[in-house]
Structure formats: structure tokens, C-alpha cells
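Both of the next two complexes hold chain A, though its partner changes from chain B to chain C.
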Partner chain A sequence: MDLISLSDLAAAFVRLADPLVLGWIVVGVAVGAVFGASPGLTATAGVALATPLTFGLGFEASMALLLGLYCAGYFAGSIPAILVNTPGAPGNAATSVDGYAMAHSGRADLAISLSVVSSFAGGVISAAILMVFAPVLAGLALEFTSVEYFTLALFGLICVAAVSRGSLVKGMISAALGMLLGTVGIDPVGGMMRFTLGLPELQSGVSLLPALIAFFAVTEILAQAAAPATGVAVSRQQPIRLRDLVPIYVRHKWLVLKSAVIGTSTGILPGTGPTIASWISYGEAARSTRDERLGEGVPAGVIAPETANNAVTGGALVPLLTLGIPGDTVTAVLLGAFLIQGIDPGPFFMVTNGDLFALILLILVAANILILVLGLGLRRYLPAILRVPPRILLPIIGVLCATGGFAIGNASFDVTLVAVLGLAGFILTCFGFPMPPLVIGLVLGPIVEVNLRNALIANQMDPTVFLTRPISAALLLALVLLLVVAWRRSSAR
Partner chain B sequence: MRADRATGIATVAAGIGLGLASLQIETLVAPGLSARFFPLLLSLALIGLGAVLAIRPGERTAGDALRQMLARRAVLLAGLLLLYFLSFPYVDFRVGTWLFMLLAMMLLGSRRPLELAAVPIAVSFGVYFLFRYGFTVLLPVWI
Partner chain C sequence: MIRPIKIALQAVLVMGLGLLAAGTLRAQDYPSQAIRVIVPFGAGDAIDGTARVIADRLKEELEVPIIVQNVPGAGGSRGALSAAQAPADGYTLLMGSTGALTAGPLIRNAGYKTDDFVAVAQLVEVPIGLAVRADSPYQSIEDVVEAAKSDPGGVTYATPAPGSTQHINMERFAKEQGIELTHIGGQGGKGAVTKALTGEVDFVFVGASNYTSLADGGKLRVLGVAAPERVPYLRDVPTFGEQGYDLDAAVWFGIVARKDTPQPVIDQLGEAVAQVAREPETKTLYDKFHLTDAYLDAPAFQERIEDNVAQHRVVLSDIGLIE
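Up next, the complex of A and B:
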């Protein structure tokens, strides 16, 4: 498969130039910054809340809103990580090590500026890699049968369960519960009713968007309410000049490139995400710079994780756009947004919608440029976001959860579903069950089931077919190795 | 009791219950795998994983988990959220949202009269206008 054609690229440029589309990118970046910077609220929660709003928008506007939110959400978590040592999202935890040390020594402005520029570099490089790599993978994906789809979906699911915080077994239980939720409704193969409890609203299954709002936003509101209040003061910043950044980036140019490649390739693997990417990059920075001050507040400690975690955004879109399989929780929500627009991502997406693919790439680049401009422009005012007290923020999020749940289909049942699943999610969270595997289980469960059944039926119920086809066998082998490593890590903990 | 042991046992029980429920799913007499196949497979996985969790529990006690779950603020906010969500289709959005915001803010520690007077009204009308006229969503209203 060739690269994106120039005509598709030109058509995408024209669509992007629409002031309405650019306006939605600004809105997405602004909202994403609020979600990313608020500890406890994540880019996933923001994208989940914003997705129902895209019903009334066209494809361009909805992608502008959601991708802007996605990129800004991953970046903005570094702000509280640097200022108050509280990562806005797990993917920014590595940034807090050196970032907070810099802020503590009066260099918060420098640390935030490095975070902004590194996030921009990571996002843009990953979009460039996506442009080159995605068409190749899409070509490969056309060769996939049910056997490969089953093992790949299972691989993604187990990856999320294995790398989630806490115990491996609990991650797997969450994934199984998510898949069981995914079986509610009409059986996709035989057409029989399953677990509908006699409710006609459940015949079409548990809707993804109410479930996402429930498991991420409602659960987090309650978890925040249950947590003891902590009063942490925001450090004062010493201002820097932007030209001071130039020699730092000249010195660390290879670190930026390496971190972007690490972030993108980590994002391509289903179930990984920014947390793993940022720590791998941080480790690589420690190995390559051999700076003994790493961890005490040096620029490399901010550049590496921030470049990597934003580079994940482009990488995670590769399996979504080429295989229809979300690589992380945010892309799982984005899959819902695609379906709202009547677009089914998969092997044929790039063949039949080359202009839309090019548009997505351009929106990614535009969102990252906006992050750079806004981030550098507002970096001295950004701490104000943290001053919105939880006593106001949490009820507002509650209102948006209910309204967003209702807006999905103008149905009160969806609001009830958000409430019930949200409470269930909170109870599971209290007992240490991670939410990401549950959501990925809900998304991938039907894909796993249909492809497992189709693969077995097509191969005369012979389960060895999963071992005799090379891609499937390789994925299963990787899965076993991953489980062994995760089990050892989990046992050691 | 360890929290993981309790949840492990609960998971095994849930797996058995779901397995029995899966057996009630109607099936077609046709070649291939029935509609029961996948839910049964998952029920078995839950039973196995629950057993592992119960046999190899972590250090945390069930009391710690319950303390987090039953923290006063969390329980009251959960009750308030549930009431707001369940009454959502029946109560005027602006009234319900104003009341929810006011009570939730008070519950979470807001005591300033100006804040309590201004924020709930601003949020209820702001969100209403955003959804009604920005996203053209018809929210439940009395008038």
C-alpha cells in the first residue's frame, strides 16, 4: 500500500482550514488541558464525556474536538506533576520525578516549557510515523482472518489486564467482567437473547458510551470524594526566556527522537499506553545521558517522558485505524465516536477513506501546534486550573455525566445505566480492581467472541489452528511471555 | 479477613451464578458453537481467577477496602448522584441540577454563601444552554 495520496492530503487541508474545525480543536485542547491537569480526571474521562456531544457534529468537528482533547489531556497531566508532585494522569508520573524537583528549586517555568515543547515534538513525530507506518500495517491487516483477529484482540485485552496497576489476577477478572458485560443483548451469531433481564433497552447490549462515562468519570468522582482532602501549595515560578530552551534541545536532540520512537512504538502495541512509554523513555534517558543528577531536577528527566507520552497518541491510532482494534482506553472511546459518525475503522478504512485518514493526521499535528502555542503562552497562568476546588469541580463533572449520558440517545435508561455502572465501578475500585481492563473487555469482548466462534467453525472446530498460523502463534507466544513476566512482577509486589 | 480473599470468594460465586444463568440461554439446534459458549467460558475463567485470588490474597484487609467504600462523603455523594441520575427524566433539568449542585457542594465542604448562591445557578443554566442551543439536545424541562 502506498503512502497517502497528495489529493487526499489536499482535500484534508481544505477541510482543516474550516474555521469551525479549527475552533473545535481549540475547544478540545482547552477542555483536554483541564481534564489532564486535574488529578484524578484523565484524558479518557474527558473524551468519554465529550463523545456524546459529537452526535450533533460532523466528522471533521467531532475529530477536532476529541483528538484535541486526547493530545492536550496527555500533555496537561504534566502540569500538576511538575507543580505539586501529583501527576494528572498515570502517564505523567515519570515527569514528576525531575519536574517537581525543578519546580521545588524555582525552575517550574522551565520545567513546564520543556514539557510543552517535548509534548509537541512527541506528538508531531508520532503523526509523521503514523503517516508512514499505518499504510504498511493496513496492507498487512487485509491478510488477517478470524484466527488472527481473535488472537490480536485477546493479546490487546490481556496486555491491558497485565500492565494495569495492581494485581494481574484482578486485571484479568476485570477484563472477564467487561467481556461478560459485552455479551449482554442479542447473540451476534445465533440471534438469541442473553442476560437482558427482560429489559428491551438491553437487547442491543450495554451501550459503550454510558459505560465509559460510568467507569471513568462517575467512579473517579466517588473515589475523589472518598479520598482524604490534601492541601498542597502551588510553587512560585521563576520566569525564563524561550530562547533559553534552544541550547537544551540542541543538547538533547537524540533523546527527543529516541523518546518519540519509543512512545510511538509502545502506542502501537495494544494495551500499553503512555505510562509504560514514559517510564521506558525515562529509563533510556538515564542509560544514555549517564547524568547522575537525573532524578534531582534535570531537563532530560522531563524531556524524555513528556516526548514519549504524547508520541503514544499517534501510535495508538495505528491499530485503531488499520485493524479496528483500540490500543488503549482513549482509542476505545474514539472507536465509539467513529461509529457515531457511521465510520467503521478497520483494514478498509484507509483504502476507502484516505482523505479522512489524512484529516486525522492533520488534526493531530494542528492540535499539537495549538498545545505548543497555548502552552507556552499560558504557562505562567496554568496553575490557576489547579485552584478550581474539588468541591466545585466534582459536582460539575457529575452534572456533565448525567447530561452526557442522556444526550447519547435522549434516553433516561442510559442515565440509569451510568448511575448503576458507576456505583459498581466504584465498589470494584475500592477492592483494587482496575477499570481500564473492564472497559477494554467491553469493547473487545464481542470482537473476541465473534472471531473465536467464526475461526473454530471455519476450521471444523480445530483449536490447533491458533497455533499453526504464524501470526497467531507468534501473538500467543508473546502473550504467554507477557503473562509470565506480569505474574512474576505481580507476585514480587 | 483479607480483602482479596473476600473478593475472590465473591468472584467464584459470581462465576457460578453466571455459569448457571448462561445455561438458561436458549440455543439453536444447529452446527457450530451456541450462544451459551462464550458466557460459559467467561464464567469458568471467573471461577478460576476468583479461586486464585482467594488462595493468594494481598496484604490489604477487607476492613480497609470497606472503610474506603463506606467513607461518609463518598456514600452521601453516591446517594445524591443516584437520586439526581434516577430523577433526571422526571425533574426540570435546571431545577434538578441547581439542587444537586447546591447539595453536592455543601457536602464537599463549600460554606461561602456567595459561592453557594452563584455556582449552582451558573452551572445549571450554563450546561442547559450549552446542550439545548449548542448541541441541540432536548433536556427534560417543565416549562
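Up next, the complex of A and C:
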């Protein structure tokens, strides 16, 4: 298949230059920022609620609004993750590890600036990959069966080591607890109920959103409330100059590129998304930088996950635009928006609608530029939130956690769930069990389980299939090598 | 400064009158307050889109706000549960689906039963179709059946989830044909389609509307649609009936209310929904989402629900999902 034609690109530029279309991008980015930053509300929910509004709009305006919302929604969750350890969306949870540590040591401005620039870089690189390689990459999505998803998720579990500061054993126990929590609800292979304690509300399982609010935000609130009044002083915030960012990015240029590639590839695979992409990138940053201080607030810990989660956007559009199969939850909703416009994306989309494809690419780039401009413009004002005394800030976050819990599924049960899990998380942290591995276990556990079982069922219970399929074998080999190298390094020390 | 005060006074007056009116009308006149329609799926999918458009028109018919609320999870059971917990006053309705109403509560303790709800009107359905990857050796339904006969359990297929309408109907078909198939849940309709595209399973059995662009693009071959007649968006695909197999299977969606909702309320809702369902704008929307217009009034819809439950009970116990 040909690359996108120049005339299509030029025509798309003209359509994009329409002030109305630009205006819709601004609206989309603004609304997306609110949805992304509010705990419990996500880009998926934002795009879903905005889709019915596009019934009366043309294709340009509809895409401008929804794609603007999409990009900003994946980015904005990093701001509360950095400032108050409350990731606005699951994809920003990895950012909170180093981001929050940076904010606490007076570098909130730097952390937010890094998040903004990295998100921009991730978004633009993934749009470029979408433009050049979409038809080729669609094939990648079709190479992944349950066998490959199982080994990929197993591979992803490595990042548990990266976030298990202090004790690897405790980190692994946390991850195991998370995986156990992931088995609650309807068994995805057999259809039976498991561990629901007789509560019909639990048949849909413990979903990621309430767990995230509980294990990050509620646990942190309780920890701060339990600390002596003078104990957790936030250092004085130091503003930065933009040119300070240049040496950081020069040093981490390969990390940015690598994270963007990880994010885009994860986006291409249906059934995954920004959460997995950001943790894998974070784990990769831990492996490659060998920086002992990762987790205590270093730039790489923000750059890797924030580049990766926004790189998911371009990646997830690959299967949507080439096969009509969404790459993540937002593109699943976008499919409906396409149908409303009378467009059924599939193998012919790029061939017959090259002009629309060009327009989508330009909107993605424009939305990312807008995020860059707005983000860098606001970065100085946002850390002001840290000057609010904890006795006022903590109850406000607490209320946001409760409303966020309700907003997930309009159910008060989820609010109770947030409270119960938050208390459990607090008790676990008191005994030194870290929370990030627990969330990773909850994300990857169900993927490991369902794909292991499906892979075996589809292959007459033959376990050698994990070694005979090339991608799976390569992933397993890489996994073994990584573990051997890590073991040798630690025993040499 | 006089104008704002005047406006404020007027507003207070209007609100006071409103409250007064609400108090007196509440007893006899339905509806007198906002009606909540629970959509047990995520916002943004075809059924949610349909519900929102219909709600928009119902608002004009009934002259009260209609609030669409998404309560997704457990294949529609989570939303059905929260509708079942609401009072039976006609102010909480459910956009019910085949799976959530006639399979979920049979399989597990979903916290509600099918007969916790009464029919108001069925709206649309999506016939289920059987498709294979373009390079599959199977050219017809017969090829699939023959392959399964010569290799019991060796032919695999994907549906959105275990216990889904699609799963139940394919197992029913397999039993009738005396064949044995191996089922794999696909994590949703598109997920099941992906499993066929990657070659993980031999065929996929989901709503035929999932196949449109992939069939056009030559990636999938749709072998048959389990409907009485061909669907407009897959004109070239024969029905199961045309190929000599008696199978009609569709996923349907319709509005239901809590049981014990007063009959006059059900009637009034039914009339309003019928009015909206007949409009050409509604039909245009259905076409865009590849939904088949399948309006049924309350008695006919109720009968279909009960038929499905009886049918599903037999199949589900055959495949061991209920005792």
C-alpha cells in the first residue's frame, strides 16, 4: 500500500485550518484534560459522553472534538498523579511513583514539564508511526493469539521488580494479591462466579478504576493522616526554566524513542492500553538506566510512562483504521462515532478515504501541540495546590475519591469498594507492602489467566505451543535472559 | 440592579409553583419527574447510541427529562441489577438485552431474576452470523458441520463470552446437528472476531454487524446469517435457512420496567416508545449502526423473553453452565 498522498495531506491542512475545526480541538483538549485529571473519570468515559454530541456535527468537527479529548485525556491524569499521588486515570499510575516523589522534594514544576513534553513526544511519534507504517503494522495485531498475549503479560510482570523498592519478596506478594483480586467475578473462560462473597455486585469483578483510587489516593490520604502533623512537610517548590529541560531530554533521547515504540506497539494490540504500556516502559527504564534512584523521583521515571501512554493513541488507531478493530477502550468508542458519520472503518478505509486519514493524522498532531502549549503555560500555577495545608487538601481529595468511585458505574457499591480496598491498602503499606505491584498484578493477572487457559483450550491442551510459536518463544527467551542477567548482577554485588 | 432581582423573584415563583404542581400531580399523572433509563453497557456503543437518541425523542413525547445512565459490567447483568433494585414506579427503566435478561440470571446469582422485569417494547435486534478467515477451507455451513463430524471437538469457535446468547445458540445448533465444538470466549464481539482473524479459532459466531467492513475488505468470509431473511448490510451472504439449516438467532434489545409497575404506566410508556420507534429518523439511525428494526409491543416482547428463557435453560444445562 502506498503512503499517504501529498494532495490528501494538503487538502487536510485546508480543512484543519477551518477555525471551527480548530475550535473543536480546543474544546476536546479542555474537556479531555478535565476527564483525564478527575479520578474515576477517564478519556474513555469522556469520549463516550461526547460521542452522542457529534451526531449533528460533520466528520471534521466530530474527529477534532473526540481525538482532542482522547489525547488530552491520556495526558492529564499525570497532573494529579504528580501533585497528590492520585492518578487521574489508570494509564498515569506509573507516573505517580517518581512524579509524586519529585513534587514532594520541591520539583513539581519539573515533573509536570517533563510529563507535558513527554506526552507531546509520545503522541507525535505515534502519529508519525501511524502515518508511515499503519498498513504494515496491522499485520502485527493479527500475529497475537492467546499464546502471545500470555507470554507478553508474563514478560510485563517483570516490571514488578522495578517498582518493588525495598523488598522484592514483599513486592511479589503484593503482585500476587493483585492477581488474586483479579480473579473475583465471572470466570472469563468457564462463565462461573468466583470469590464474589455472595455479593451480586461483585460479578463484574474488581475493576481497575476503583482499585486505583483506593490503592493510590485513599491509601496515601490515610498514610498522611496517620503521620504526625509536622512529619510530612513538602519542600519549597523550585520553578524551572524551559531550557533546563534540554539536557534532560538529550540524555534520555533513546528512552523517549523506546517508550514511544513500546506505547505504540502496545496500542496496536487489541485488549491492552495505556496502563500496560506505561508500566512496561517504566520497567524498561529501570532496566536500561540502571539508576538506583528510580522510584525516588528521577526524570526517567516520568518520561518513560508519560511518553508511552500517549504513544498508545496513534498505535490504537492502527487496527481501528485498518481492520475496524479497536486497539484500546477509547478507540472502541470511536468506532461508534465513525459509524454515525456513515464510515465503517476496515481494510478499505485508507484506500478509499485517504483524505479522512490525513485529516485524522493532522488533528492528532494539532491536539498534541495544543497539549504542549497549554501544559507548559499552566505548569507554574498547578503546584500551587501543594501549598494548601493537608488538613484542607486531604478531605477534598477524599471527597473526590468518593465521587470518582461513584462516577465509574453510577453505583454506590463502588464507593464502598473504594473505601474497603483503600483501608486494606493502608494496612498493607503499614507492613511495607508497596502498592504499585498490586495494581500491576490486578492489570496483568487476568490477562495471564484468561490467555493461558484459552491458549491451551485452542491447542488441545498442548503446552509446547508457547515454545513453537516464534513471537512467544522470543518473548520467553528474552524473559529468561533478563532474569539471568539480573540474577548474575545481584549475586556479583 | 432591578432586573436581576426581578429575574430572581420570577425564578423563585416559578420554582415554587413547580414544586406545588409536582406535589399535587404526583399521584395521578405519570410521568411527573425525570425518568432514568439504565443502559447496562458502556457509553458510546451502538446500543448506548440508540438509547440516547430514543431518550431524546421520548423526552418530547413524555414531556419530562429522560436520563440515560450507563452501568456496564458482567455482560449487562450489573446494570440489570441496579434497575432491579429501583422502585417499581416507572421512573427507572432498563435497556434490556438477551444475555442480561434471559441468560445471566439463569447461570449465576445475578441478584435479580428475569421475572423481576416486565416488557415495555422490543426495539432492535442483530442477527448472529458465522464467519471464517478468508483463507479458511470452509466455504459453507455444511463444510463446518462436516469438519466437526469427522473431528469431534477439533473445530474451535469464538463468541463474546461464555454463557452469551451467541455461545448458547451455537451450542444449541451443535446439539441439533449432533456435532461437538470447542468454545473460546473472545472478550467481546470484536475480540471474538479478532480470534478468527488471527487463526486462533476456526470460526466466529457474533452479531453479523461486526463483519461488514472486514467482509468487504476480503479479510473475513461470512458463511451464513442465522436470520429468516438476508440482512441489508451483507446482501451476498445466504441465511442458515437457505443452506438447509433451521437456525434463527439474534441478540435483541428492548425496554423493560420493574414488575409491579402499574399497568397504566406501562401502557403509556409503550405508546410513547411505539411512536418514537415508528419515526423515519429512528430507522435512519438503526441503519447507520447496522441494527435491524424489530419493534414488538409489550405482550409480544414478553412472550419472546419467556420463550428465550425456556430455550436457554435447556441448552445451558446441556453444556453444564446450570445444573
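To be clear about the criterion, the second predicted complex is superposed on the first by the 279 of 493 C-alpha atoms of A that agree within 3 Å, B and C clash if a C-alpha of one lies under 4 Å from a C-alpha of the other, contacts with A are read in each partner's own complex, and residues count from 1 in each chain.
Simple rule for what comes next: a contact is a pair of C-beta atoms (placed from the backbone, for glycine too) under 8 Å apart; a residue touches a chain by one contact, two chains touch by 3 or more.
The structure displayed is predicted, hence computed values, not measured ones.
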Touched partner set for A:I457, first chain B, second chain C, both or neither: both
First, second, both or neither for A:G185, with chain B first and chain C second: second
Partner chain in contact with A:A419 - chain B first, chain C second, else both or neither: first
First, second, both or neither for A:S167, with chain B first and chain C second: first
Touched partner set for A:Y381, first chain B, second chain C, both or neither: neither
Which superposed partner A:P347 touches (first chain B, second chain C, both, neither): second
Partner chain(s) touched by A:S204 [first = chain B, second = chain C, both, neither]: second
Chain B versus chain C as contact partner of A:G409, first or second or both or neither: second
Doubly contacted chain A residues - partners chain C and chain B: 55, 187, 189-190, 192-193, 410, 457
Complex interface listing, chain C residues touching chain A: 42-46, 48-49, 52-53, 69-75, 77-78, 81-82, 107-112, 154, 156, 161-163, 182, 184-185, 187, 190-191, 193-195, 197-201, 212-214, 216-219, 288-290, 321
Complex contacts: residues of chain B adjacent to chain A: 3-4, 7, 11, 18, 21, 25-28, 30-35, 37-39, 42-43, 45-46, 49-50, 52-53, 56, 58, 60, 65-66, 68-69, 71, 73-74, 77-78, 81-82, 84-86, 88-89, 93, 97, 100-101, 104-105, 108-110, 115, 119, 123-124, 127, 131, 135-140
Contact footprint of chain C on chain A as seen in their complex: 44-45, 47-49, 51-52, 55, 141-146, 185-193, 198, 200-201, 203-205, 207, 270-271, 323-326, 329, 332-333, 336-337, 339-340, 342, 344-349, 409-411, 450, 454, 457-458, 460
Interface residues, chain A side, partner chain B - complex: 53, 55-56, 167, 169-170, 172-173, 176-177, 179-180, 183, 187, 189-190, 192-195, 218, 221-223, 225-226, 229, 389-392, 394-396, 398-403, 405-407, 410, 412, 415-416, 418-419, 422-423, 426-427, 430-433, 449, 452-453, 456-457
